[in-house]
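Should a chain be cited, it is by its letter among A, B and C, assigned in written order, with residues numbered from 1 in that chain.
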Amino acid sequence: MHYAPAPLHIPDGFLNVTVSAICWVITVIVIGMAVSRTNKSLGEKQVPLMGIMAAFIFAAQMINFPVAGGTSGHLLGGALAAIVLGPWAGMLVMTAVIAVQGLLFQDGGLLVMGANILNMGLLTAAIGYGLYRSVMNKSTGTKLAVAGVAAWLSVMAGALATALQLWLSGTSSLQTVTIAMLSVHALIGIGEALITVAALSFIFRTRPDLLGEGSVSAEGGRGWIAAGVVVSLLVVLLSPLASANPDGLERVATDLGFIEAGQAAPYEIIPNYTLPFLGETPLSTILAGAIGALIVLGIVVATGRSLQKKTS
Amino acid sequence: MTNVLSVRNLRFSYHDHHEALRGVSFDLCEGDKVALVGPNGAGKSTLMLHLNGILRGQGEVMVGGERLTRDNLPAIRAMVGLVFQNPDDQLFSPTVFEDVAFGPLHMGLPKDEVIARVEAALQAVRMSNYRDRMSHHLSVGEKKRIAIATVLSMKPQILVLDEPTAGLDPRARRTLINLLRDLPITMLVSTHDMRMVQELFPRTIVMDEGLIVADGRTEDILADEKFLNEHGLEKV
Amino acid sequence: MHFDAFDRYHDTGSFIHRLDPRVKVVVTVAYILSNALLPDGAWTAFGLAWLFLLFASALSNLGPGFTFKRSFIALPFALAAVTVLFSIPGSPLSTFHFLFWNLTITDMGLLRFVSIVVRSWLSVQMAILLVATTRFPDIVHALEHLRVPAILTTIIAFLYRYLFVLVDEVFRLLRAREARSAAAPGSRSGGSAAWRARVAGNMAGQLFLRSYERSDRVYNAMLARGYTGRLNTIHPHEMHRMDYIVTVLALFIILLFQLIGRI
């Protein structure tokens, strides 16, 4: 048995530095919030729970079932993790899963890991938990039905986000990649929905206390409903736009300067990659490069420091 | 001889229904090596979880003459080294070193002392060259020995082992029995391995349905075939 | 049973293996970043980056084919980039007919496509080299030193430890399913896709409960050894002079690739 990579994990090389960086910034901010929330609100029991749940998601992704024509369905798990563990813990768990898949199995790149975490861990958790949270007080049947829809939609959100990032990086043309991603994942999403619902109904039957009042699952606030609905609406609105009528989106991206940036590097903030006062000499180029590197290093260290402060 | 552990009238129920302990009392003296036997579900594991305050029932648990309270919990946990039934629960760190260092580190010891204790504990279970191995690579027998090292590194006064020989092949079992014999420390060991009980432990406590039904010399208990059968045990 | 297929570490005791894990993580990330920053068609720089990779591979005693053999994992994803062959304006190279479309490959499109694949191919090999020469727990320590929040590194450490235990459980469940999904002669086995999904879902639910209960027991085991909610760690890693020298040198070379790629 070997480890089979899933189609949403973007490898290095397929996203440009600008898009990777933007995704990292979003991801780091959200994870930073998740870290400080879980540090504050959850008991010390939560640490081994989240760790072993991360192993659970990883292992559960290997449970597959044959669908048709040699393809098989399996779980991504973002929605399920958020529903059973609560949104913040679910996001941290998915982050760990994606980090290990990228680091250990090269399933998903390192520079693009921010994007992968965003697509498969954060968006899926927001939709999965947000929609589920909106029916928290309803009957089990309703909860299961909504969880199923949320699981399907969460996969579509991940697929759409992946398609948009590939397009913004100049790696794919918008219409083709969106249609391809969405149609493939509309099927994969059905598998996700079926397994998520079956797993949840199993838990409802055997340990309802884990999903009821006072469980970690019930800890997310009502704000999550809004987050879930907004992300879902974005998926519902952007999908037809990107696949049927890409011109509008393309114009927006061009206006924002994304399309040309596909080929260019971001550190050309230093004009022509030389230092003006030194002229166009090799020394100037080298110094400019060094300064660029220092700036990047500074940003990384500063981000690390601020995160460190939050945790301690 | 001084009493290092005494339990008085301990009661406990899980989730408010089934009463797993129904009034348990016994003492351990320094240097005692005591076997705890009884059928599945007798309450052995539940009792052991009380000995360093992971479960808190009604009644009294005294360790080293001190009553177990919330305040002295850290000190008590360093004194009573508890090794769980399943080594995969006990060994939760990626590497052997990190696992054996976990206890001393959380006792707040300085780095050099921690490292020295890890070395000594691994030496005691004769696994010195396993320091940098990854836990998931170990065999069951190796895991069981490392699991004992993870509490030895805390220099406990009492070692409490839950079914240390379960699931071991004959050679690994023999190694472990020799190891337990040579460890100069008070210990309470739950087991279904009656031959080990006969070989290793002068004193035996028999539990059934949440109660202690016998506590005495192993020879005497093992000689009473009728009593053994009544409590789901077999003569060796 | 052990699923050693999951182990990516190959100990040859080489110079690279002995480097501090921080060095290897930082250099790997810098290398991948550098590839992403190189402009399309910077073949000299890509070539030098490849030499850098070969040199690191050679130093690690893994043999020349090691990363190459494993480097195709990201290749299926190249499908996502195929459209740039046709969509980027440039002078046409060749035209062919596919279903309803006439597709024209442009030179700029080809340049971009090949650049993307090369970037990905180089980057993934460096990542493979990292995990082949560094034990995963050491990588986690490096992340900790590099200021990744402790709660995340702890989750990752637990994930790594229990991955093997839980995957064993998954395989036991899968085998049990297989053993029971016999079919009467002439009939199709396994029922509808929805039914199979339900079986898979039940397995996931089962696995969830077992994991949940295990986390209780692990928590108890942590409590028994003095855990109070704060995790303390020590790692026997120390940066030596050689580690600093290698870091500076490697980063300098990677910076040179950038300069060469931009001239």
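The rule is simple: a residue touches a chain if its C-beta (ideal position, glycine included) is under 8 Å from a C-beta of that chain, and two chains touch if they have at least 3 such contacts.
Because the structure is a prediction, the values reported are computed rather than measured.
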Most contacted chain pair (by C-beta pair count): A-C
Label of the chain whose CA centroid is most distant from the centroid of subunit A: B
Whole-Å separation of chain centres (CA-atom averages), subunit A against subunit C: 16
Between subunit A and subunit B, centroid-to-centroid distance (C-alpha), Å: 45
Centroid spacing, where centroids are CA-atom means, of subunit B and subunit C in whole angstrom: 41
Shared-contact residues (touching 2 or more other chains) in subunit A: 48
Per-residue overlap in subunit B, given as positions that touch at least 2 other chains: 92
Multi-partner residues of subunit C (at least 2 other chains): 136, 157-158, 160-163, 165, 214, 218, 222, 227-228
Contact set on subunit C toward subunit B in their complex: 2, 135-137, 140, 157-158, 160-165, 214, 217-218, 220-228, 232-234, 236
Subunit C contact footprint on subunit B (complex, rising order): 49, 52, 54, 74, 77-78, 81-82, 84, 86, 88-95, 97-98, 101-103, 105-107, 111, 114-115, 134-137, 150-151, 154
Touch list for subunit C against partner subunit A, complex: 3, 5-6, 8, 28-29, 32-33, 35-37, 39-40, 70, 73-74, 76-77, 80-84, 86-87, 112, 116-124, 127-128, 130-131, 136, 139, 146-152, 154-163, 165-167, 169-171, 173-174, 190, 193-194, 196-209, 211-212, 214-215, 218-219, 222, 227-231, 251, 255, 258-259, 262-263
Contacting residues of subunit A [partner subunit C, same complex]: 1-3, 5, 7, 10-17, 20, 31-32, 35, 38-39, 43-45, 47-56, 58-60, 62-68, 73-75, 80, 84, 92-93, 95-97, 99-100, 102-107, 109-111, 166, 170-173, 176-177, 180, 191, 194-203, 206-207, 210, 263-265, 267, 273, 282, 285-286, 289-290, 293, 301, 304-305, 307-308, 310-311
